[in-house]
Amino acid sequence: MLTRDSLAAGLARLANHMDSVADELNALDGQLGDGDLGITMVRGGRAVRDLLSDLPVDLGQALLQVAQAFTRTSGSSFGTLTATGLMAAAKALKGREAADWSETSALLMAAFEVMRMRGKADLGDKTVLDTLHAAATATEGLTDAAEIRTAALTAVIGTMDRMRGKHARIGRARIFGEKSVGLDDPGMRAFLHMLRGIAPP
Amino acid sequence: MKKVLNDPFAYVDEMLAGLCAAHPEYYRQTGDQGRVIARALPIRSGKVGIVSGGGSGHLPVFTGYVGPGLLDACAIGDVFASPSVDQMADAMRAANGGAGVLRLYGNYGGDIMNFDMAGDIVEMEDITCSTVVLADDVASAKSDEAEKRRGVAGMVYAFKIAGAAAEAGLDLAGVTDAAQRAANACRSVGFALSSCTVPQAGRPTFQIDEGDMEMGMGIHGEPGVWRGPLRKADVIAEEMMDILLADRAFSGRVSVMVNSLGATPPEELYILYRIVKARLEAAGAQIVMPLIGRYATSMEMSGASITLCQLDDHLERWLCAPCDCAFWKV
Amino acid sequence: MKKVLNDPFAYVDEMLAGLCAAHPEYYRQTGDQGRVIARALPIRSGKVGIVSGGGSGHLPVFTGYVGPGLLDACAIGDVFASPSVDQMADAMRAANGGAGVLRLYGNYGGDIMNFDMAGDIVEMEDITCSTVVLADDVASAKSDEAEKRRGVAGMVYAFKIAGAAAEAGLDLAGVTDAAQRAANACRSVGFALSSCTVPQAGRPTFQIDEGDMEMGMGIHGEPGVWRGPLRKADVIAEEMMDILLADRAFSGRVSVMVNSLGATPPEELYILYRIVKARLEAAGAQIVMPLIGRYATSMEMSGASITLCQLDDHLERWLCAPCDCAFWKV
Amino acid sequence: MLTRDSLAAGLARLANHMDSVADELNALDGQLGDGDLGITMVRGGRAVRDLLSDLPVDLGQALLQVAQAFTRTSGSSFGTLTATGLMAAAKALKGREAADWSETSALLMAAFEVMRMRGKADLGDKTVLDTLHAAATATEGLTDAAEIRTAALTAVIGTMDRMRGKHARIGRARIFGEKSVGLDDPGMRAFLHMLRGIAPP
């Protein structure tokens, strides 16, 4: 069951995990862009950690604050997209103090839709959208937290394997064209780490 | 590429502190984490506000152009990085005089997402927004994908023209239209001879071999049209004019900017200008208000850009109207 | 240090051609071999003329400062080289409105000899001359040999103040006195991070190792006070203020210039300015019209200088009087 | 006997000699200054050569034109000093069509005096003035052209040997202080070459 407390626990794990993968994300982003993705996630994670002792019980309010932690600490694309997705989830959960794990897929899909609109990218452009969509699809109909975790991770890793050989078609990486072939998209990797962080193994 | 700095992470904040300390008659620091520069005086009620925003390291772009006849407020990111959504929202609040706010900025993915999201936020506060995105760099995409082009020095024309239109009392639709027409009227192309250093990165963003240059390179080091041996000034200028004039016809009244990316001195801009002028005049154009200098830079990057701006009566009047900021007075 | 040029021997002439083509409303090319820039309009009869001159490669110094409220004419040498006697004489002829001509230039041996000799020539034509030589660089000689100091960015204050005094209708003695007081009021010190390339030489004038800087270095690479590891911005600014304030007391109304030698971007000048302002205010001074930008350069040299100018009522009025040229408007 | 024709012949030799020593003078000047001394002398020599077919018979007028050839073609110190010295000689010979070789010393001394005033340097400052003064002194009382040549060259070379170990105290070389010790002053070397050029061996 998703509640203020389970959300807070998940976010605390996520923030810690981000600290440990920051260098990896910076390095990957540095090969194709400006090398700030790790910084974005660490700063966002830190701001989220500061919220946890005082998180609202209303899941909508809670997720809105988490979204704002990202808009406040970074102007980089991934931070803004993350905030955009979180706001969609916040909207969906507004006024509720609990949600069932079975709602996970719908929440991911809601985030996917607004992030697609915000970023004007599409499936296949080799962005975080591809992994997000894959996770939303793979978790449809699942109810058990552990099952959801495994399905989402498997789908994300599979998507990354499938997309690795493609050209980036959006953002900074696009202009480096050829160079992006054979490299993971940094945003996909960040999403993978967000999943790993938030859901206990 | 050595730099004069303290803590690299304080580069932008110290720069803004110095800017406002030096020119309190123009600039006021406000907004989330002090990352908004607004005009010293609050916006006149009923005037359309104009905001811009983007990464630092391009002075006078963006921040420097806050002032009468230009921008009302500007959100400032780290060097070459987008400001945050909150900072952009604060810039829009500072530029709100009740008649709506035009967002006028360069075509970079992060800036677009953030300005859109910031717009969603301030529209909840009953601030009406419009948007014009600059995409004047012809080297960054072919003309059939012109909407993918980056915004570079042509931005300065849009700031000037929109700023004059707002000062003249046009409403939000009118100012937005003036800005859009300025954006449509501009074409730019640049070349780089050497890189610059982002303070937090600590080493040059890219490398161009001694004796080489890159034509069409972007202001953050984005790849250009070709890289090869350094040509003579006249050859470089001719090629740039070829690229610009092939993309769009220019005739009648045309303004031109020969802009240093930073290290290239005005002496060399004037050498380039001889050819620019000859080519435009051969194409039957008359040059209005040539702008030769450092208008849109990348810190200590070496290289230059040429921007052509096709005028009509309105655009010319707004271009030549008075403006005032620490970096540019007309 | 790459340059945008054609034939290195044509660098100065092409630069002047471009300058005058771009700004015919300000500049007119005249004199022996076209090496004099005079104001677009002939000098007003009865106004004291002000001429300067020196090597190229320092834009806006010297040529750029020809305009209302500033210089009347300027003789231009090759890069870092004195103009010829004939060119200086022609500049004086162009600046002669019948009320005498002030020669106002930097303390360099060749320039002095040539201006003296040119003065001998034009005095035969009944043009009365006076001279003020700028020697503001405190790093170039100790205070007991202050007359040996080089002229650097302080020149710009002297141009501005003398130009305003002449425009205000003072006679030759009055304008000369204003210029001399401006010269006496200025102290400068600069540092360099890297060199620039004289086109005809084809390689950098000097070498500073990566990671090093030179404090007190001259604008042509003349040796300074010390060479050592690159310091933090605040440390550099503090040391420069120490040097300046040890040489002369500043109090009351003081203007300050933080000047880039070329490549150093305005972002970094503003970082330096924080300390300059704090130090001056701690010394009890109020800052008037801080000038932050590229006022006296050495092409693409990296580094900056600080100039302090102690004002009195007259100097302040003249400093703040209107002036107009392609590089500076007050 | 110095006449328009012997002057023209001497100047033609001088201009040619300058072409052949330009690189040497540039290199020497480059070690202490801006490396333009050879250029100055070649440009001046070229402008002088252009005068020769039409040189006035009045020696004063002729030398005035030669002086102007230097003020016109260069703004460098040595060019201006040379013109200053030539003007003094022109003044002394004004209205005359011939001069005796015995006047050489007085003419050199006249040039020395005005050049000292123009440049505000003094004997011992390690400039062209030292060699010029030495040549003027050594040729005093001599009447034979060959004897004058030998005496002047000997004095100049002796002065250069004597001054080589000293610090430069004037002009660009001054600021390079220590570096000038052990090097000839470029202006002295240029003067030596002017003597070698103008007087036939």
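We just call them A, B, C and D in the order they show up, numbering each chain from 1.
Criterion: a residue touches a chain if its C-beta (ideal position, glycine included) is under 8 Å from a C-beta of that chain, and two chains touch if they have at least 3 such contacts.
Keep in mind that this is a model prediction, so the values were computed, not measured.
Student: Through how few touching steps can chain A be joined to chain D?
Tutor: 3
Student: Distance between chain B and chain D based on Cα centroids, please, to the nearest Å.
Tutor: Taking the average C-alpha coordinate of chain B and of chain D, the gap between them is 57 Å.
Student: Measuring from the mean C-alpha position of chain A to the mean C-alpha position of chain B, what distance in angstrom results?
Tutor: Once rounded, the distance between the two centres reads 33 Å.
Student: Residues of chain B that contact two or more other chains, please.
Tutor: In chain B, no residue touches at least two other chains, as defined above.
Student: Of all residues in chain A, which are in touch with two or more distinct other chains?
Tutor: Not one residue in chain A touches at least two other chains.
Student: Chain adjacency by touch: line, ring, star, complete or other shape?
Tutor: Contact pattern: an open line, chains touching in sequence.
Student: So which chains end up touching which?
Tutor: Inter-chain contacts occur between A-B, B-C, C-D.
Student: Given the complex with chain B, which residues does chain A contribute to the contact?
Tutor: Going through chain A, the ones touching chain B are 34-36, 68, 71-77, 79-81, 83-84, 118-120, 170-172, 175-176.
Student: Write out the stretch or stretches of chain C touching chain D in their complex.
Tutor: 32, 77-78, 80-87, 109-110, 112-114, 116-117, 140, 198, 201, 218, 220, 222-223
Student: Quick one: in the complex, what on chain B touches chain C?
Tutor: 2-6, 11, 14-19, 21-23, 56-57, 59-60, 64, 193-194, 210-211, 213, 230, 232-234, 236, 262-274, 277, 290, 292-294, 297, 299-300, 302, 304, 326-327, 329
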